[in-house]
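Two complexes follow with subunit A in common, the first pairing it with subunit B and the second with subunit C.
Here is the complex of A and B:
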C-alpha cells in the first residue's frame, strides 16, 4: 500500500515541477509567439542566484522566493530590450538568437563559476510512509505550483495589466489603437515570464545538481510541454504537464528513469501528431 | 553575370577544387591534414542541413539524429563485416529509412514550423538517451558491443572497396572525404538546376501555389528530408572513419546547434556558404580548445546572436552581393528578369 502512496507523491512531484518549469516559457510563448530557447539557462540563472546568495548567508527562503525571481526578471528585462524586441514576428530568427543567447549565458557562467557542481541542502525534513522515505519539500513544490497557478490566473483574469496583456495577445493592432503601447506590454510580459522561470530555478535548486549546462536537461522538456499544451497558458500547460509528468514518473517506476524519459518523449511526438494545435487548441479553446 | 560566364566559372572552380584536394597532403603536415579531414566530414553534414533548410524550408533541430544513426550504423556494420564497403552503404540506407518514416509521420500529418522543431529535437533526445543506456554485455548487435555512454572504440576505418586487408592511409582518407564532399556538393548543385530542384524551391516558397500547380508538397518535402537524412548519414560514416570511434555525443544537442550556427554564419540558401561557415567555426572552436582564455560556448553564442541580429544573410551571400555590385553590369536591367543577387532569398541559383 505504502508504495502506491509514494508513487502518487512521485507523480505529484513530477507534475508540479514540470508545471513550474514550463509556466514562464508558456507565458512568453502564449503571449508573444516567441520560443525562448534560453529558457533552460533562465532556470540555471535562478538556481545559481539561489545557491550563491544562500551560501553567502542569506536565508534560503528569501534567496529562493525573492532573489531568484527578481534577478532573473531583471536579466529578462535587459535581454528583451537588447535582443528580443528586434525579433517579434520572426519565429525562426527568435529561436536562433535565443539559442545563441543560451550558449552565451552558459559560457559566461562557466567562465565566472567554473564547470563544477554547486548545491544547497534541501530545507524541510523528511517523513516516512511504511518503510519508504519522502520529503516535505515535495509537498511544498506542489503547493507552490498551485499557488503560482492561482496568482497567474488572478493577475491575468482580474487585474488591469492582465486585461491589457490579453488584449494585446489577441490583437496587437487593435490594442494599440485603444492607447496601449504593445512594445511596453511585450517587455513586461517577457520580464514576468523570466521572473516566473527564475522562481522555478530557485525552487528546484535544492533538489537538483547545479551546473552551467543544467538548462539543457530542461529546455527540451519545457519546449515539448508548452507546444503540446497549446496556446492557452494555464489550462494548456497544466494539462500537458499533468500528462507528461505522470507518464514520466509511472514509466520510470516500471522501467528505468532513462526509459521513462524516452517514453515521455515518444508520448509527446504522438500527441503533437494527433493534436497539432496542442491540447488546449482542441479542448480548452479560448480559456486562459 | 550571364549564364555562360557563370557556368565557366563554376567549371573552373570545380577543376581548381579537384586539383587543390589532390595536392593538399604534399603541402600540409599530418596533424593539419587530419584536421582538414574532420572539417570536410563536418562540411558534408553542413550540406545536408543547408539543403533541407535552405532549399526545402525544413528547419530540423535534430539533423544529428541522422548523423549519429549513420555513424552507429557504419560502426556496427564495420565491426561485424570487418569490411567498410557494405558498412558505408548501410550508413546511408539506415538514416534514409529512418528519415522516410519520420518524414512520413511529420509531413503527411501536416506538421510544420515550431512543431517540426519540437519533434526533430525530441527524436534526437530519444536516440541520445536510448544509446546512452546501452552499456553492458546485453546490448550487442552481432559482434558489436554498443558500450553505452563510453561508445564504441576501435571501429575499423575505411578500406579499399571489397578488400578489407588494405586499409586507407590518412592521405587516402583525406582524398576520400574531400572528394565525397565535392561529389555531394556537385550532386546537390545539379539537382537544384534540374526541374526536381525547382519544385523543391517552389514548395519552400509557397506550398499552396505549388500544390495548385499539381505537385504534392507533402511528398516533395518528405523526399527532400530523406535525401538530407541520407547525406547526414554519409557524413556520420566519414566522421567515424576519421576518429575510428563513435559515442552518444554524436547525437548531442550542442552539435545540432553548431550545424545551425554554421549555416547561419555561412549563409542560408546557398551551398558554398555553409561549408565556409563550418570550416571557419570549427577552426575557431579547435583554436579556443587549445587555449584557456575563452570558453567556446561564449564565442559560439556571441557569434550566433551577432549574425542573427546584424548579418542575417550570412558571410557568403553578403560578400557575393558586394562583389556583384563592384562588377559593372553590362546588360541593362530592363529585360524583365531581376538580377539574382537582388532577390531577398537567393532561390535556386547561386
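Here is the complex of A and C:
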C-alpha cells in the first residue's frame, strides 16, 4: 500500500516540476509566439542566482523565492529591450537569435564561475510512509506549482494588466488603437515569463546538478509540453504537464528510466498527431 | 584628414588580414629558430567535460616544463601544441587531422571520453603519430600505436565492489549512465559482485539528460538492497545524490561509485549528500606521499583555481613522463624506435607511485586506491599496489598480434 502512496508522490513531483519549468515558456511562447531557445539558460540563471546568493549567506528561501525570479526577470527585461523586441513576428529569426543567446549565457557563466558550482542542500528533510521514505520538498514543489497557477490565473483574469496583455496578444493593432502601447506590454510579459522561469530554476536548484549546461536537459521537455498543451497558457500547460509528468514517472517505475523517456516522447508524437493544436486546442477552447 | 568610405574599407581589410596572418608568421619564425620536439594536446577545456580536461592540460604543461627545465629531450626543447576540443567530437576529428598533417607533431596526448578517443585513434594510426590516452575507461583498446595509461575496471571495480560489500552487505542495486561506459562498467560490477558471493537485485540505466530520479528512488526502496553501485555520469546525474539525501535515504543504504568525483562532486555537493560515498581510482589529490604532495603543490601554485586534481591529471603527467623516458631510451624521436623502447618495460615513479608499461596490452600496471568521502574531501582507506589491466590482457596480445588496431568488447 505504502508504495502506491510513494508512487503517487513521484507522479505529483513529476507533474509539478514539469509545470513549473514550463509556465514561463508558456507565457513567452504561448502569448507572444517567440520561440525562446534560451529558456533552459533562464532556468540555469535562476538556479545560479539561488545557489550563489545562498552560499554567500542569504537565507535559502529568500534566495529561491525572491532573488531568483527578480534577477532573471531583470535579465529578461534587458534581453527583451536589446534583442527580442526586434524579432516579434519573425519566428525563425527569433529561434536563431535566442539559440545564440543561450550559447552566450552559457559562455558568460562558465567564464565567471567555471564548469562546476557548489550547490545548496535540499531544505525541509524527509518523512516516511510505512517503510518508504520521501522528502517534504516534493510536497513543497507541488504547493508552489499550485500557488503559481493561482497567481498567474489571478493576474491574467482579474487585473487590468492581465486584460491588456491578453488583448494585445489577440490583436495588437486593435489594442493600440484603444490606447495601449503594445511594445510596453510585450516587454513586461517577456519579463514576467523570464521571472517565472527564474523561479522554477531557483526551486529546482536544491534537487539538481548545477552546471552552466544544465538548461539543455530541460529545454526539449519544456517545449514539448508547451506545444502539447496548446494555446491556453494555464489549462493547456497543466494538462500537458500532468500527462507527460505522470507518463514519465509511471513509465520509469514499471519499466526502466530509458523506456520512461521513450514513452514520454512517443506519447508526445501521438498527441501532436491526434491534436495538432495541442490539448487546449480541443478541450479547453477559450480558457486561460 | 577625412576618412572616405572606400579608404576606410581598404584600411580595415589590410588591418584584418595582417591580424589574421600574424600568428602564422610568428609561429613559423619561432619554429625555425629552435627546432623543438612537438607534443600535441587535445583536451576539453570548455563544455560539459571541461572540468575534467582543465587539470589534464595543467598536468601536461607541468610535465613539459619540468622536462624543458632539465634540458629538454635529446638536447632539443619540447613545445606543446594544444587545442581546446570544447567537448565536441567533431572538433576532435578536425584537430587530430590538423595535429597530424599540418603541425606534424611527434606525439599526441589527449582524448577524454571513450567516444573522443575512438574518433581520433584511427587518424593517428593512419598518419603514424604516436598516441597516448591518459584517462580511466572501460578497457579493451588494443593498438600498437596507442598507449592507455589510465585505469580500467579490472584495476578499480575489482577492489571497489568487494570492499563495499564487506562493509554493507551482499545485495546490490546498480545505477549507471546509458552509454558504453555505463553499460560496460555495470557488467563488471555484476561480475565482481557475483564473484564475491553477492547478488544484483536490479540494474537501471539513465540517459544523460535525466534529472528527476523520484521513481528510481522509490524503486530502490522497494527492492531493499544493502548497497548501491553507481556509475552515473555528468552534471545532470549529480541530482540523484541530492534527491537521494532529500528523501532521507542517505544514512540507510550506502553508495559505492566508479565515477563519483569526476565532475567535482565532493566539492559541489553538500557534506550530508556526499559523506561516506566510496570510490576507487588510480590517484587521489589527497594522497600524502611526497611525490603526490609536490605534484599537487606545483599545479595549485601555477593555477590556484584548478579543479580537483584527479587520476586524469596524474595519468596525463605520468603519460608524458613515460613517453619522455621512452624517447631518452630510444635516443631518437622516430615513432617505431620510441614504441619499442616503451615496450621494454619502462617504469616511472609518478604522483600515484610506480607506473610501468605492459608490453602485451600497452596499458599500465599501477597502484589503485580506495577512498571514502569525508567532509567534502576524499579520505584514502587503502592502497593496492601493482594492479594489472587483467581485463584488457584477457583479449589483447600485441606481442602476438602487433597489427591489431581495434577496441575489444570484453565478454563477461
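For this structure, a couple of remarks:
By definition in this document, the second predicted complex is superposed on the first by the 287 of 288 C-alpha atoms of A that agree within 3 Å, B and C clash if a C-alpha of one lies under 4 Å from a C-alpha of the other, contacts with A are read in each partner's own complex, and residues count from 1 in each chain.
Basically, a residue touches a chain if its C-beta (ideal position, glycine included) is under 8 Å from a C-beta of that chain, and two chains touch if they have at least 3 such contacts.
Since we're looking at a predicted model, the values are computed, not measured.
Once the two complexes are overlaid through subunit A, subunit B and subunit C clash, as defined at the top of the document.
Applying the stated contact rule after C-alpha superposition, one finds that A:246 touches neither subunit B nor subunit C.
In the superposition on chain A, A:235 makes contact with neither subunit B nor subunit C.
By the touch criterion stated above, A:216 is placed in contact with subunit B and with subunit C alike.
In the superposed model, A:280 lies in contact with neither subunit B nor subunit C.
When the two complexes are overlaid on their common chain A, residue A:120 makes contact with subunit C while staying clear of subunit B. Considering which of subunit B and subunit C touches more of subunit A, the answer is C. Contacts of A:256 after superposition: both subunit B and subunit C are touched. Applying the stated contact rule after C-alpha superposition, one finds that A:207 touches subunit C and leaves subunit B untouched.
In the superposition on chain A, contact of A:110 is made with both subunit B and subunit C.
Of the two partner chains placed by superposition, only subunit C is touched by A:138; subunit B is not. Taken together, the two structures place residues 110, 216, 220, 256, 258, 261 of subunit A in contact with subunit B in one case and with subunit C in the other.
Only residues 59, 105, 109-111, 113-115, 117-119, 121-123, 125-126, 129-130, 132-133, 253-254, 257, 260-261, 264, 294-305, 308-309, 312 of subunit B touch subunit A when the two sit together in their complex.
Residue ranges on subunit A touching subunit B, taken from their complex, read 35, 83, 86-87, 91-93, 95-97, 99-108, 110-111, 216, 220, 223-224, 227-228, 256, 258-259, 261-262, 265-266, 268-269, 272-273, 276.
Touching subunit A in their complex are the following residues of subunit C: 46-48, 50-51, 54, 178, 204-207, 209-212, 214-216, 218-219, 221-222, 234-239, 242-243, 245-249, 252, 263-264, 267-270, 272-273, 305, 307. Partner subunit C is touched in their complex by these residues of subunit A: 3, 6-7, 9-10, 13-14, 17, 110, 114-122, 124-128, 131-135, 137-138, 206-211, 213-214, 216-218, 220, 248-250, 252-253, 256-258, 260-261.
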